Every structure is written in structure tokens, then in C-alpha cells.
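Per-chain residue numbering starts at 1, and chain names A, B, C, D and E are given in the order in which the chains are listed.
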Amino acid sequence: MSLGYYFLLPVIFSFLTPYFKKLGSFTLRGSTILLMLILFLQTLAYTGVTLPQISEFSLKPPLGIAFILDGYSLLFLLIFTFSALIVSFYMVWFFKANKGRDEARFYVFFNMLIAGSIGMILSCDIFNLYIFFEITGICSYALSAYNKDKLGLESGIKYLIIGLIASIFIVFAIMLIYLQIGTVNLGLIAQRFGQIDPKISVLIVLMLFIGFGTKAELFPMNFWAPDIYQGSMASVNGLFSSVVAKAYLFVFFHLFYLFGLNSKYMLFVMVIGAITFLVSEFTALNQTNIKRLFAYSTLGQLGILFMALSTNSSATVSGALFHLTSHSISKLLIFLALGILIHKFKSAKIDILGNFKSGFLTIVLAIGFLSILGIPPFSGFVGKILILKGFALTQNYAAIAFILLVSIVEAVYFFRLTAMMLDKKRTKISVPIGFANYVVLSVLAVLIVLFGVYPSLLTHYTDLATNALLHPTNYLNYALGVGL
Amino acid sequence: MLEFFNSTQTIHTIIIIGSMCLFFIGFYGIATQKNLVKVLVSFDIMESALFLFFIGLHYQVGLVAPIVDSNLKTFTNMVDPVPQAMILTTIVIGLAVLALGLSFGIEYYKLTGRNDISKMNELRD
Amino acid sequence: MNLKKVLPLKHILLSILSSALLLSVLGLLMQVKTNLYKNVGDIFLNLNMQTATANAVTSVVTFFRGIDTVGEVTVLFLATSGIALMLSDTQRTCEKVVKQESFILNVGSRLLLSVIVLFGVYIIIHGHLSPGGGFQGGVVIATAFLLLFLANPNMSLSHSILTLGESLSGVAYVLVALIGLFKMNILLGNFLPHPIGEIGELVSGGIIPVIYILVGIKVGSEMSVIVEYFSKEDYYKEVCDA
Amino acid sequence: MIGLLILFTFLAIITVALGAILSKDITQSVMLFMGVGLGSVVLFFIFQAPDVALTEAVIGTGLSTAVFLLGIMHTSQEEMES
Amino acid sequence: MNSIFLLLNLLPILFLYQFEGALHVSLPLTNEFTLSLIQTPLGSFFAYLSLISFLLVTIAQKSKKLSFSYYALQFLLSLAMLAIVLAGDFITFFIGWEIMTWSSYFIISKSNNMNIKSLQKYILFSLASAFSLIAGIVIAYSFANSFDFVAISNSFESMPFNIKVALIVLFSLSFFTKAGVIGLHYWVVDTYSKAPDLFSSILSAVMSKMGIYGLFLIYGNIIGYHELKIMFGTMLNGTDFGYVLAWIGVATSIIATFKAITQDEVKKLLAYSSIAQLGYIVAVIGFGTSYGVAGAMYHTLIHTIIKLLLFINVAAIVAQTGKNKFSELGGLIYRTPVSFVMLLIGIIGLAGMPPLGGFASKFMMYNAAIDTKFALILIGMLFSGAASFLYCYKLVYGIYLGHPTSKSLESTKEVSIHYLIPQIILALLLVLTGAFPGAFIKVINPILKEFSLSTIGYDGLGVMQSAVGNFNGFFIISAFVVIFLLILLLIWRIKSKAKNNLNRFDISYCGEVPTADTSLHYGYGFGTELYRIKFVNAILKRSSSHFYESLATQTKKTSELFSRMYYGNIHNTMIIILLFFSALFFLGVN
């Protein structure tokens, strides 16, 4: 199979959506599930082949554009396609429970959101990457405004404005890159980036940092993020947290290591990540809206990831990638479970966590919470201990102390929510869950436990990814067309 | 005097100064304007400035458009077509985002009667 | 007049900031030499002889950087869907009131319509020969419909035809890309014979004119939908207010 | 000669853009923004980029202005001052 | 359900049939981590403690209808504790530690009188303890390049001095929190008193001992008493380090003893008593002498037995009467005589009176203090030991003696047999540990060898050697039993003549007639007179709660400050992004 299918198949499905809609909602939902299944199975098939894989468009690189799949992108591809598959199953329940929504258009945006995110991680051409950036952007604006109520539209507008700022900076950076280097191929840029005027290179890096950092929700540029999460649907929040934010993070660090910025800007990114972590976790303490609370938690976890991924040490990076995967699964689980509650109670106050009666939901939510907190035997623990171990190996004790101290703050609100769920004194209302959701949530919970007790399943891929990220020689060869 | 103005160097200087002025006018605009439509206009001005900057710096005196016709049979001495293609793409994307933003704005205005982005503050804890 | 109200302190500070940034960016850009390396565009110009399209920009847009254009078309499609999602309000309560049409405007716009559409089609078809192409031509066609809507508010387009055009052209575009994969083992490969004739002839350049025609149909129908939604919105509002 | 033309066009664009930003009337602002687009079209032609010029003329100046105008018809015309 | 889990609790014994070396498992988790379980004498001592405790508590739980999830979590908890004590590396240890934390959290949350604040207190202190532990673990890892106990122990000598101190502080903080050393005990009382009644016994008897196990592991195994001596130097016959630790422990026990006396809730008294008893253990654990270690071990065993006994006893009484305050109980001696006898045996052990095991363990600890010549420590320990008589007395008087304070108490029946069986077993154990101290020394000697300390001599099962002479437990207990039987016979002779038909209002009350509201019970207000003593008053008035509450308030304020930034107005957000860009631009480019 060619890598191009990752983009072209969703595009065909989206173009044909009006006709699927005419055939009935079953076809619509079924076709989306089928599409996501195909993509996921294709990704699974790629786990068995030698990497990197390449598929070119029109011309061979470095002249033409190509999709390159290396270890780093394979891990993200697995996360994205899996999350998409899970969400596509979940949406079956959602649209059955919420009649009269514009289902077809949701699926268009959903498919293209996934396709855009995948395009961002596969493309080896920075302008092409920008196009996928915009595709992902437009889909996320539309999805956050999907409810068409005041809150939804407000979040849509806010997201759109932020997206415009980010894209202006990125376009500027791309233009400067083309003016300096004469190409937009990532391989050539990486090769020549050290030779251009240092002042201009700082400007380019700064603009890319602002552009992708804004979208990846880094501290002084993330004041919009909780609003977006609050205004959009829970399932969309799950996608934002586990797919979209991770795609921007991917690009951030891909360019970071590809352009050889790690030595110069490591400390800066680490400090920014640390501040993000600190501020978001403290802010989350004070929230009464559940979606907003988990938005802050997502920001905090992204902060840890930024801290750990910028260290340039393979132990820490590998741990961070494990943590990233586990965080994606856990946050998806939490947001999907919350979606069920929010649908039932028609409210997103944190009190709803104390008012539902369902052993299943309590267990899966508790698993999600414990996993994010990094408590064994759940997958978050392995990620966290690997990160801490990596920091210990580089003797960075300040980072260890910082992460652990702020984690206690994180524990405060997570366990407050858990205690609310377990509180017997509240009035409890039973919540219908639906068969599909039992399956979806159990799969996620089982994965969390599985990666916690048998991490070797995942460490194989995170090690591959770490190697590909820190030593992108193979990737460069493919992007330059040398290895072909 | 006129020769001075016709040199590539001078033209590039004019282009850099002019487009950056335009860019920072837009920058000032997004920093100060609160009406959604005017914010979008400011963004468009910034984008236009970037387009002019990019296309302009690839123009040199004596080069012609990358199109052959009955007079011109070979692709030599032409300006770089890649920036033009990229700008073409970016213009279309810009329009798409702008139209989407406007449609959000219209719906929001219908619901609340407001189009001031600094007063959109219902999303809070 | 209160000076503070006309020019608040924040605005003054921001303008000073913008000017300072402007000056330093200028200072930076002026001293930097460009074109350290040979641009990839020059290589494309050389390659263009093989492709045999008269307009090098067109071949870059549709072929050398073809996947960009697929993405671009998708962005437009997504924007259209978003606008439709926002502005197609199925639960509108007020009824459709037939507005008075102006006969002269009506006839005049219809006359103009054919000319503009013809012009659009010309731009699309000659995309690989002269400036212009699918995007520009498509938008020209859409502006023709805009004219129609402005002249006659009761006018409405057949959505099924537009959707058909949009979907089919889009799918056909992707299929063209896939055929390239099967025939030449490269996505978007130029599988049609090229060059057939001389540079500058209408039938030349392999898949490039095909793609631009498909893009033209797609952009035309999408833009028409956008234009319709925006102008109908106005119409509905007036009706509801009355 | 061509340098002067570019210079004056830029001056015109900058003036118009400033007007578009500072104008209190939104319709006026959009119309002035169209001026920026028109100026850009001229410059693109000078820069030997007819494709971009055509696109900017049709999309940047034509359609986006139309969309803007149609859009602000049903939002308020005046910038709200609080 | 109960029987199934009873059997499940017995299962681990199959793998621990020996005291040493029966178990050696290693199981790769990832390329870097290997989980390993190794049975050492120290580990199996604690393993047996926890196994027996869980077994006995499960027997008592038969009297209650508990859900499957409760039993499952409790079983998980017991497995986690086994993982802790049998761990051969820190990852296994930490995994066990964290699973212990959250499984106990979920069990505690099932209690009816639990509230969010107490739960938060418990889990946050537990997590703080765990995080301080993991910080220590990864720091140790950065030098040893392995999580294995042996590897870390081997590389400990070569670490820089400040890292060694940091490690000791981090590990000690973690284990002190679990054991409830003063200052870190904020969570203990609340949790013990609000947890399910029978589960409190597990918390006090077993879970706090995991902290003690950790201290033994760190001081004895990983660092080694020898290394501690080299690091901090010696003082008199003990170590400097041990002297500091001893003061911490003594302070803990004195303060907690006074606090215990003034409590009105039965379980709170037991909780404070638990803190005080663990204070003794902490006091002697750092001496670095054989007697110190043996005393700490002995007291660990005795305290486990006593606290199980007392908590099960109290749980039975609470279940029977529905009351949990001294001021509401009283006079149950005739209604629940067997429980009374069991509690009596328990407090004799708790107060450290001869002839039961409590005396033997205290004797050992005093011996250790004499041996090291830490005279002030000895005085402190004796002082708090004497003060503990007061709360022991309050315990027996408040519940069983005096007049019943309400009508409903008069019709109370003897508690269920399921509560009594474990109590009787525990009482017997208490007698046996008092009678055969030599047997215990036999158990401890391998552990002393593990710590490379000299072993303690013993003479048969009944006699152990000490610094001040031999201790013949068997003789003492025989003598006491004979005397006790004689006295009992005497009382029985006298009592058979007296008639016991007193009513609860048959009392002269300064000429006033007591009403139903008047509290006639002595247990009411017992200990309030302590406030009149200046020194004790100063202790009782101070509390660590101010510190922790102000910490919470500060955190909340910080949170409010930060969340003000996020009260988002997108316009300001844009300006901030642009300003950030400008700032970085001016800083970075120029």
C-alpha cells in the first residue's frame, strides 16, 4: 500500500459523503468506521516492514513532495488511527442519542481532521505540511463550532483567530526559508539550515516556534485552549487532546531535531514546558467545569512532554513518547466517558461526577485518572518513571523534583474527582451507557492496564521512534532522495 | 536617477520596506482592533504583505513571467514559478478561512448581537 | 474631544511596538543576502520542457506540487462544508416571501451570466497556456452566479447538481492521482502521453489540463455554494425582520 | 521608472491599508481593503506574476470583498465602541 | 465470599513455606526494568506479619456483609504488601507501594462516615510519601544504573556525601509519613478513625509497618548500619544519626501519648496510641546495635498483635452498640465479658506491663537505650511509657467499666463469635510472645546477620539475653499466672457474697438528682485535666494542622491567581502572543 492513501482515502470518503448520507445514516457511520479500520489496519501492516517507507507524489524527492514514514511517525500514526477508530465507534452511540444533528458534515470534518493530522506527520515538505496544518485547522474550527450554540461559536471564532495568527507566522517562516535556502524540502532545509545567516535563522526558528507553539498549547500562548475545550463536544475534546495537539507536538519536535536546534534551544523549550506544566496544573485546581478542568490537565501533560522531549537524551525521549501514548489513550477514555455523563446530565459542571451511578464508568474513569497521575500498574506509571529515569541519568534533579512536586498538585484535583465519584452521600442517578460504549471504553481501559503491566508491547515502538527522532539520518536520506 | 530606481537592488529595498510596513500595519491592526470583521481584514492585510514580499523578492529586472508564448520558446530568464504557485495556494486557503470565519461571525451575531471579540467571554469557569 | 478615547494609551504603545518591530525586522532583512542556493524553481523550469506546458506556474501547481493542490481543494471543500453547516439553517421559521424582481436587472444579469461563465471556462481550459486556471476560472464562474443572486433574490441553485459536480470532480481528481500510482508507480504521475503536440497547443501537457478542468468544476461549484449561502443569508434576514 | 511605479503603488497601498485599519465604519474599511487588493494586483503584474495577479484580482479583491460585504450586511455596520 | 477470600489469603503461604530463600522470581517488564521477588529473613518476617493479620481480619469480616469489590481490593492490598516486603528491586517495591496506596484508598472510601476532606488528606500524604520515595529511587538509580537493592547498596559508598544525605532524607520522609512520625502524622488520626472499623486494624497493624519495613530496608540493608556509622560518626555506643532519629521517635511517642489521653473517640485514641508506639520503634531503629534492631523488631511484632486485637475488639463493640465515643459507652463488662477480657489482655500488652509480650519488647528497647548509654532517650521512653498507662486505663474504663451512659447499652449482647475468634488467637499470641522471647530471638538472629550485626544469645525458648542480664519470660509468666489465679479466686469468693443490682441512677450527686442528660460516665472528659499542666498544655495546643491548612490555602490562592490569566478574552490572548513574539525577537535576534 502506498502512504498516499492515508490522505487520499479520507478525501474520497469526504467528497462522497453527500451520497453516503443519501443512502442513510447506517451507511454513513459504517463507511467512516470502515475507513478508520482500513487506515488502522494499514498502520498495523506497516509495523512489520522495514522503515522508513516512502511514497512520492509526481516527482521523486528532493524535487517532489513525498510522504515518509519513519519510526517516529509510525508511533504517532498508530496513536492517531487507533484514536480515530475508537471515536468513530463512539460516534455511532452519540448520533443515536442526539437525533437531528448534521451527521454528514461531522463525518467530513472528522475524517479530514484525522487525514490532516496524519498528513502533518508524514509530509516531508514544509509547505505541504502547512497545507495539512490548515486542513487540520479548518476541521478543528468547524468541529469546535459544531454545536452552533453560543459557546460553540465562540470557541470556533477564538480557535479560528488563533489559527490565523499561527498560520501567518508559519507562512512567514516558510517564505524566509525559501528565500534563504531555495527549497521547501525538509531534507534540504535540514542540510542547509546551519549555513544560513544566524540572525535570519533565529527569526525563522522564532516564527516557527510561535506558529507551532501556539497550536501546541505552550504557556504564554495557550490562554485560548481551555475555552476551545469548554465550547466543543466531549468527543471532539478527546480528538483535540489525543490527536490534534499531539500532531502539532510531533511537528514541533520533528523540526526541532531535524534542523539541529536541540543544542541551542533545549533549555528554553524545557523551561517553557515546565512553566506550562506548573501554571496549568495550578489553574486546574480551581475549575468547576469538567471539560475545562481536563483541558488544563491536557496542557499540563503537554508541558511535561515538552520538558522531556527537548532533552536530547534517548532515555528521556523514549519515556516521553511512552507517556504521550499513554496520555492519548487515557485522555480519550476520560473524555469519551465524560461525554456520556454530559449527555445524560446536560451539564458540564464537575458535580455530575458525583451524581452518576454506574460501576463500569466509575472503574474506567478511575483507571484513566490513575493512569494520568502515573500510578502503577497503569500505563502512565511506566511513562512517568521512564521520564524520571531519563532525567536522573542526565543528573537533572531539579526537573525530577519539579515534576514530582507539581504532580502532587495534579493529584489534588484528580483525587477530588475520584472522591466525588465514590461519595455515597450524593444522590445518584443511573446512566445508560450503550453497548458500543461498553466496548469502546473497555478496550481503552484494557489497553491502559496492558501497557502498564506489559510495557514491552509499546517500548519497542517508542524506542524505534526515539531513534528516528534523535538520529534522523535515514529520514534525511529518504527526504533527499539519496536512499532511493 | 531613474537608473538607480530601475536596479534590482533598489526595487528589492522598496519591496522589503513597503511590504514590512504593510505587514506591521496589519500587526498593529490585529493588536488593536476588536471587531471581528476588522480583525479578519487586518489578517488579510498581513497576508497580502507577505505575498508581495515573497513574490517581489523573486523578481529581478529583466526576468519575465514563466509562460512561453509565440515570442518566447524556451524557459530561460524567467522568474521562479514555485513562489507563485505557493502564493496561489495560500490565497485560496486564506479566502477559505476568511469565509469560514465570517460565517461563524454571522451566526454568533444572530445569537448574541455582538461582534466584538473582546466581549466574547461566556467561556469561562 | 477626548484624546484618550480617540487614541487610548494601549494603542499608542502598540503602535510604538509595531514600529520598533518594523524597524528591527527591516534592519534584519536588509542586510541578509538571499539566493544562497539555486532555487528549486529553476530546476522545475528546466523540467517543464518535458511536461510541455506553456505556463510553468500551472505545471508547478498541478503537477510538481500536485498534492498541495489536492490539499488546497480539500481546504476549500471543508470551508464550504463549514459555511453550509453554519448558514444552512433548517429550522428557520419565517416563510419564503417572493420579492419583487427587477425585469431589466434580471435580463441584463442573465445576458452577462453567459459571457462571464464563458470567460471562466476559457480561463480554466487555457490554464496551462496562459495565466489563469482552475481556481481563477472557477471563481469567475462563481462571481457570475453572485451577479445573478444580487439581481434576483429569488434565484436559487440546484444543490443536487452542484453537489454532483463537486463530488464527481473531486473523486475524479483523486482517481487521476491513483491511476498515476497504478500506471507509473508514483502518485499523481503524469500517465497521459505528453508532449503530444507543440508547447502552446491546447492538447498538451498530459494530465495537467485534465486536473485543472476538474479543479475548475470543483472550485466553481464550491464557490457558487459559498456565494449562495452568503447572499441568501441576507435575504432570509430581511424576510425575517419584516 | 519601474522602481518609481512600485514605490508609488506601495505608498498607495500603505495609505489605503492604514485607512482600512483606522476607519470606524466597517463597510468603508472593507472597501479600503479592496484597494489593498487592487494595488497588490498591480504589483503582481509588475513582478511578472500574472497567475498570482489574476488570482488576487478574482479571489483577493473580487470574491473576498463580496463575501465580506455580504457578511457585514447582517452584522452591525459600525464598530462598537464601549 | 468470605471463605473464598480466606482461602485466597492462605495461598501465598504456599510460596513462603520457608523463612528464607523459598522465593526467587524475576520477570522482565521492559528492556530496562526487571521485577524481582526475593525472600529474605527481614522480608519474610514482615510477610508473615501481614499474611496473618489479613487472615485474622478476614475471619472477623465474616460477621459483616461486604461486597465483592471490598474483598477483591483487600486481597489486592495484601498482595501489594507482599510485593513490597519481598521486592528485590526498587521498581517492584514502588509498584507495590503505589498499589497499596490506591487499593487502601478505595477501601477507605467505602466507609460510611468518610468525607472528601479526609480522603484527600489520606491520599495526598500517601502520594507525597510515594513521590518522595520515587525521587530517592531515581536519584539512587542515577548513580547505580540499576534499581536492584544489591546494586544500589554496593554503589552507595561511592556516592557524594550530599547525595547520600539527600537519599536518606527522601527515603526517611517517605517512610516516616507512612509510619506517622510527628509532623507527618496529620493524616493518620483522621484516616484511622473514619476508615471502616475492621479495616482500621489493617491500617494500623500492617500498613504502618510497611513504613517500618522501609526504614529497616534503607538503614539496615541498602545503606547498612556500618555505613551510617562511618557517615555521621558515633556517639557514646550508638550512632549520631541514631541519636537524632531517637529524639524524633521519642518526641513522637510523648506528644502522641498525651494527645491520645485527651481523645473522646475510641478509634482516635487507638490511632494516637499507634503513632506513639511506632515512635518507640523509630526511636530505637537508628541505634545501629543488635539490641536496637531486635527491640524494634520485637515491638513491631507486638504492636501488630495488640493493635489488631484492640481494633477488632473496638470494631465489635461499635458494631454491637453503634457508638464510638467514650462518653457514650461504659459499663459493658457484664454484657460483653469475653470482649472485656480480650481488651484487658490487649491493654496489658499495650502498656508494656509484665508478663505479656508487650513487656518483653519494651524491655528489649530499654535495654538498647541502656546499651548505647542514651540516658535522656531512655528517660523519655520511660516517661511516655508511663503516660501510656493513662490512655490504656481510659480505654478499658471508658468502654467496660463504670456505668452505662444510656439505656440502650444495658441490653447489649456479647459480640459475634467471628469477632472473638481472632481476638482469642491474638491474645494467645500475646501470651506466647511474652512466654517465649528466646523463640523470637531465634527468628531475629538471621535478620541481624543480614544487617551484619552481632547476634543475640538465647537460652532455650523462654530466655533471652540482654545487656542487663537474662530475661526469663517463661518464669515470669508462670509466676504471674499463679498469682493472678489466686487473686481471681479471692475476688470470686468475695464477689459471690455481694449483690450486684445497682441502677445507673443509684448515685449520690451532691444532693442533685441526675437526669437522663447528665453524663455520669467517668470516661467523659477524662484527660481534660491535662490541659492544666503547662508543659502538656503547650504540647496539646500545638498542631501541625495549621501548617497544612495554610499550605492548602496558599495553593488555592495561587490557583486563583493563575486562573485569572485564563479568564480569556481572545483579544488579550492575541496581544500576549504578539508581545511574546516581540520579546523573544528583541531578546533572541539582537
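Operating definition for what follows: a contact is a pair of C-beta atoms (placed from the backbone, for glycine too) under 8 Å apart; a residue touches a chain by one contact, two chains touch by 3 or more.
Note that the structure is a prediction, hence the values are computed from the model and not measured.
Here the chain-to-chain distance from chain D to chain E, counted in touching steps, is 2.
The minimal number of chain-to-chain contact steps leading from chain A to chain C is 1.
When every chain is represented by the mean of its C-alpha atoms, the one lying closest to the mean of all protein C-alpha atoms is A. Pairs C-E and A-B differ in how many C-beta pairs touch across them, and the larger number is found at A-B.
One finds 18 Å separating the Cα centroids of chain C and chain D. Chain geometry summary: the mean Cα position of chain B and that of chain E are 72 Å apart.
The mean-CA centres of chain A and chain D are about 38 angstrom from one another, to the nearest whole unit.
Across the assembly, chain E contributes 563, 566, 568, 570, 572, 574-575, 578, 585, 589 as residues in contact with two or more other chains. Those residues of chain A in touch with two or more other chains are numbered 127, 131, 134, 138, 141-142, 145, 148, 157-158, 161, 165, 178-179, 184, 199, 203, 226-227, 286-287. For chain C, residues that reach two or more other chains under the stated contact definition are 14, 17, 21, 25, 28, 34, 39-41, 44, 55, 57, 64-65, 68, 72, 75, 78-79, 82, 86, 131, 135, 226, 230, 233. The complete set of chain-chain contacts reads A-B, A-C, A-E, B-C, B-D, B-E, C-D, C-E.
The residues of chain A lying in touch with chain B in their complex are 127, 131, 134, 137-138, 141-142, 145, 148-151, 153-158, 160-161, 163-165, 167-168, 171-172, 174-175, 178-179, 184, 226-227, 230-231, 286-289, 292.
Against chain B, in their complex, chain C makes its touches with residues 10-11, 14-15, 17-19, 21-22, 25-26, 29-30, 34, 39-42, 44-46, 48-49, 54-57, 59-61, 64-65, 68-69, 72, 75-76, 78-79, 82-83, 86-87, 129-131, 135, 199-200, 226, 229-230, 233. If you check the complex, the residues on chain C that touch chain A are 25, 28, 32-41, 43-44, 47, 63-68, 70-72, 74-75, 77-79, 81-82, 84-86, 163, 166-167, 170-171, 174, 177-178, 180-181, 186-190.
Of all residues in chain B, those touching chain A in their complex are 30, 36, 39-40, 43, 46-47, 50, 53-54, 57, 82-83, 86, 89-90, 93, 96-97, 100-101, 104-105, 107-108, 111-112, 117, 120, 122-125. Per the touch definition, chain B reaches chain D in the complex via residues 2, 4-7, 10-11, 14-15, 17-19, 21-22, 25-26, 28-29, 32-38, 40-42, 44-45, 48, 51-52, 55-56, 58-59, 61, 63-67, 78-79, 84, 87-88, 91-92, 94-95, 98-99, 102-103, 105-106, 109-110, 114-116, 119.
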